[in-house]
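Order as written gives the chain letters A, B, C and D; numbering starts at 1 within each chain.
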Amino acid sequence: MAQALLEQIINGTMMGSIYMLVALGMVLIYGVMHVLNFAHGVLFMVGGYVCHFFFTQVLDSYLLAILGSMAVLSVIGLALERGVFRRLRDNLRMQVIASLGLILVIQNGVIAIWGPNALQMRITTTDIRVPIGELSFTLQHFLIIGTVGVTVTAIWLFLTRTRIGTALRATSQNAEAAQVVGIDANRMYVASFLIGCALAALGGALLGPLFLIFPTMGDLPLLKGLAAIIIGGMGSIPGAIIGGLGIGIVEAVSTLYIPTDFRDTVVFAALIAVLLLRPQGLFGVRVRGEA
Amino acid sequence: MAALLEIRDISKAFGGIQALDGVDVAIDAPGIYGLIGPNGAGKTTLFDVVCGRQVADRGEVRAEGRAVGRLSPDRLARLGFARTFQECRVFPDETCLDNVLFGAQDKRLGVEWRQLLTRGMGARSARRDEAMRLLTLVRLDTYADRPAAALSYGQRRLLEIVSTLIARPRFLLLDEPASGINPTLLNVLHDFLLKMYEERPIVFLVVEHNMPFIMSLASHIVVMHQGRVLTTGSPADIQRDPAVIDAYLG
Amino acid sequence: MTAMTALTAMTAPRAGRLAIAIVALLALAAPFLLADQPYFLHVLILTMTFAIPAIGLNLLLGYTGLVSLGHMGFAGVGAYTTALLMMDHGWSAVPAMAAGAAAAGVLGVLVGIPCLRLRSHFFIIVTLAVGMILFALFNNLDGITGGAEGLPGVPRPGPLDLGFMVIDFRRLGGFYWFALVVTLFALLVQYLIVRSDFGRSLAAIRQDEILAAARGVNVFAHKLAIFGISTALAGLGGALKVMFLRVAAPLSFELLESINLVLLTIVGGAGYLAGPIIGALVYVAIPEILRFADAWRLVLFGVILVAMTLFAPRGLSGMIEAGWRRLRRGPAVTGEEAADGRPA
Amino acid sequence: MTTMKQITTRATAVAALAALAAMPAFGVSGAMAQETVTLGIVTAQTGPLAAPGRFQMNGFDLAVQAINEAGGFEVDGETYMLDLQVYDTRCNAAEGASAMQRLATVDQVPVVLGELCSPVAAAEAPIAADFGVPLVLTVPTAPNLTEQGNEWLFRVNPNNFQLNEALAAFVAENGWSPLSFIAWNNDAGRGGVNGMRELLPDDVEFGYVGYFNVGEVDFSSHIANIRNEGSEAIMLLMDEEPGALAIRQIRDAGLDAQLVGTLAMGSSRFLDRLNAEYLDGMAQYNAFPPNAPIPRIEEFSALYEAAYGEESHGFAAQSYDGIFVVIAAMQAAGTVSDSAAIRDALAEISWDGVIGPIMFNENNQAEPPVYITQWCDDGTRRILFPDDLAADCGFG
């Protein structure tokens, strides 16, 4: 059992890292713009496809393909912010519906372009096995954990040490106050969407080679990311980080005790329980007003 | 004999800011009470506490001897507290008439459900005449069938006030009723409020920055400053009080 | 309060009433008119099975301003309850459906009690989570729900002897009337609520929750009541659906179906009495008409949807209403565009 | 059980029909426009099960092509060309019911074939009975479908019970105990596990049973559990895409249990995604071993490969046979339009299909042979069961 526990903690940390990227992107967008973007999962998926495209068709370098994918997704994010979400500010219902419409557009657009079948992307790191005692993982597992660790640290430094990062956090905490201090809200929206979409692309590009790249690959990360930002406390950046990682590990370990077909049920039941007991989330401090 | 409305030692802090710091106000008789004070004095917070939107950290509110400080806004509304908002709130999709009629509606769930099954529309049509009369008084009768969103800001203010009055409240709390209203409508509002008070003398509690307006309207003035009651008195007394002038000049 | 702009077209004197009468008559006579067109009858019934949960959702989304992304999960509760009562306990159709709707409504209230106090973003996500949990139960509890293979052989109501004629609900034409009665019941519930003081309070909550509370509306109790009614209607629709399809399949009640329900309600026009019907017609009819299997079809649907949120938030009903007005009075009336841009 | 001799004496489906149909086609004036018979098809072409739906559709298309290229088919002295009216049901019960209704009453096809998903078939079957149009299933496997007393519903393919019967015996014989499962959380996966539960003898212990939703790709939790329970063998009940992924993850995680699979995992396409060493002697049941040294299978596989450039698939073969069974029933009934007569003929039909002899039992369920194949180290397969059809590496 101890061995299985170790195995699931490593697996959970890997998936949790991915959830963390998704949750971090969503919480930035939510905090700054107060937009709940259900299309974040399909952006994650597009990140995987674009990375595959760059890797197989253009660059032949995984690193450059990842960066290329992040760049492309940033542009898409910018377009979505300008074209859709900025116009729907303060209208929660229509935001949700627009983001559901975007899921339809993007998911089926990908199917129309790349077909419904999964793409495979083999890179060196998925073929190297790292044995730990009786257990064995691919190098990609640790590449994901390491990359996400570095990225999240970098984002945290950016948010706490740079001017624009501090401004982002300030806007996230209190939009009015930020405006009073002279922060340009529109620039903050753009920045949050750029970073959020780039993080989603990074997630898709990291996970794609390990598993497969397919049209619904972003659905579960989206749902788990949503759960993470709620459990962590909506608007709380550390909450999203810890929430994402926590969900990854808890759901992995829970499967040792609970049938796997109820794994998602466990996560969502935990989400509801957290909302009931601590509506502001585990790390949330303030209650924001209605949107 | 308990006071009509008694606000005793109310304190309320937001984060590090002490918005209300031991406020005491006692109102023994119906009348138009003006509540003035510089920005940030805690007037709106006091309204929010009295109307149940905020719960005070300390102290209590009593209405006719009954503790009401912890009741929800809707309970208080059904007990006869009616208020308007500083930022002026009306239901934008509804017509002016519907806005007013909604003010008069009995909103207890049980009553609504009985009405649902019996389809009793009598109460509503009975209120229509009164609603039209009030709308006419504030010169909104010609807008009765227009959506509230189509009104000017000043007209919306008047609509908001009419919508609270038709519920025949026992305590009416008006938060800056005169702000954003043009001089012509201001006179209409002034006369309207006086007329309403004459028809049904209740407690009017009016937060206002427009000094000439409130001084000529109110019979009593309460001055707030930095979360406390600075002084109370008749308009004439207050206008002469050097402490008030100091507070305003900062 | 709803004398507002909603459905002016329908309430417009004479012409509108005449139109309603004609539609009602046509709907009633459809089995005769379409006697040799059973496929159209089938599509109409299918439309009704989507329209009923959509009516439930419309009360929530269009009138009260709450978004539920798990409504088909509640429909599933009604569906499986009805199916199991009929198959395992020999209940007849009508009480079984009533029990199914009640089960969904009670579950809605139980979910609503803790969750409706949450802020709207949270509530949306909770409904999503509840929908997914319910689907997992339908799919995974092989012993009770038949699991992923579904529950085949759900019976339709027994024949009704009217004396002068016998309606066999197991046949398409007979079942059509059954579905029509259930749909009319749901429409009646919607109409009664919307045109009542209760409905006015709901509309007030949609437009401004804080103001509604200040005017004396117990926001939580009203939301809870309408959520229970809404989920019960969803359960009723689910029950009708499995009776019609004669199989209870978990995939009929999955997340995607819940999302589609929201989308069809919006397309039809949330906050309009006829919105759910129009939405369901469009939702069922378009794939039936455009029966080509192509991802671009859904891309186009998505683009239209996003465009609607930006430019026509009141859906097809809103567009019809605006067109009707223009026709009758010339230029459009001001103020109507402000309708949906309000805080929830 | 069919013997080799019987098979060789019987002409293959294609050849028989070509010969049958070609003569009148040449005899009659070639310029004359022939009448066309349109059959209805319900299948998933989009949605989560688009990939298996494609194999099914390929089988139907191939049958139509074979028949029409041979000049059509003859019923009661008339020669007809064949056409299909295809509706996409997306594995959605409501869409399936609509499609069935439309085929039965608008297109008025004499027979409907297809479907992938059992619950959708369950919604279509009563409509088939209501409007008296035979529905011939070629892929769904839920056993209860043919147990509803619906005489208009036929199933060409083996159901879960039949598929698992042979495998269960095989697993028991090899002492693969405890046996763990990773299965799709849908009708195929859950049905398969439940089927095995009923069929496995008591001396085979049930290990871990894990379900995953269609679209999930992370199998690590299942692997950790299986390792934890110490299973001898793992049965994978899923399609080839997740199957290949699951096996890769199982081996990457350093687990070397015996693998047991479904018919989806007995194809070269499957190997393209993996190395033979990953499979390591994996065994699977198979309704159709594409390289079996049986003429009818060889012929079909060649035809399929020529048309689609890939190894043939069991769903394609079952669907291909479905069309021929229907045509044979039309010929036996002497009508291309009288659905009731065709239904009666179907119930009595005996047809030598690609997948084997097809005869419907009292529930209208066919009982074609089920094979067990095993992967060899060189990346080919061999047939282990049934004994009389056993074949060596390279012929599975």
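The rule we apply is simple: a residue touches a chain if its C-beta (ideal position, glycine included) is under 8 Å from a C-beta of that chain, and two chains touch if they have at least 3 such contacts.
Remember, predicted model here, so these are calculated numbers, not experimental data.
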Quiz item: Where the contacts of chain C and chain D overlap, which chains show up?
Solution: A
Exercise. Report which of A-D and B-C is connected by more C-beta pairs in contact.
Key: B-C
Quiz item: What is the identifier of the chain with the smallest separation between its Cα mean and the overall Cα mean?
Solution: C
Quiz item: So which chain is the furthest away from chain D, centre to centre on CA atoms?
Solution: B
Quiz item: Any idea how many Å lie between the Cα centroids of chain B and chain C?
Solution: 40
Quiz item: Just how far, in Å, is the C-alpha centre of chain B from the one of chain A?
Solution: 47
Practice problem: Please compute the C-alpha centroid of chain A, do the same for chain C, then give the distance between them in whole Å. | Solution: 33
Exercise. Could you check chain A for residues that touch two or more other chains and list them?
Key: 111, 116, 259, 261, 264
Self-check item: In chain B, residues with contacts to at least two other chains
Solution: none
Quiz item: What parts of chain D, by residue number, touch at least two of the other chains?
Solution: 46, 185, 211
Quiz item: Pairwise, which chains touch?
Solution: A-C, A-D, B-C, C-D
Quiz item: In the complex of these two chains, what residues of chain C are touching chain D?
Solution: 37-39, 42-43, 46, 49, 139-140, 142, 147-150, 152-153, 171-172, 241, 244-247, 249-252, 284, 287-288, 291, 293-295
Quiz item: Given the complex with chain C, which residues does chain B contribute to the contact?
Solution: 51, 53, 72-75, 77-78, 82-83, 85, 89-95, 98-99, 101-103, 105-109, 111-113, 115-117, 119, 124, 146-147, 149-150, 163-164, 167
Quiz item: Which residues, counting only chain D, touch chain A once they are in their complex?
Solution: 46, 48, 50-51, 185, 209-213, 215-218, 220-225, 227-228, 241, 245, 252-254, 273
Exercise. In the complex, go through chain A and note every residue touching chain D.
Key: 1, 3-4, 7-8, 11, 15, 111, 116-118, 120, 129, 131, 134-138, 211-212, 214, 216-217, 219-220, 251-252, 255-256, 259-261, 263-264
Quiz prompt | Touching residues (chain side chain C, partner chain B) in the complex | solution = 1-5, 192-193, 196-198, 200-201, 203-204, 207-208, 210-219, 221-222, 225, 334-336, 338-339, 342
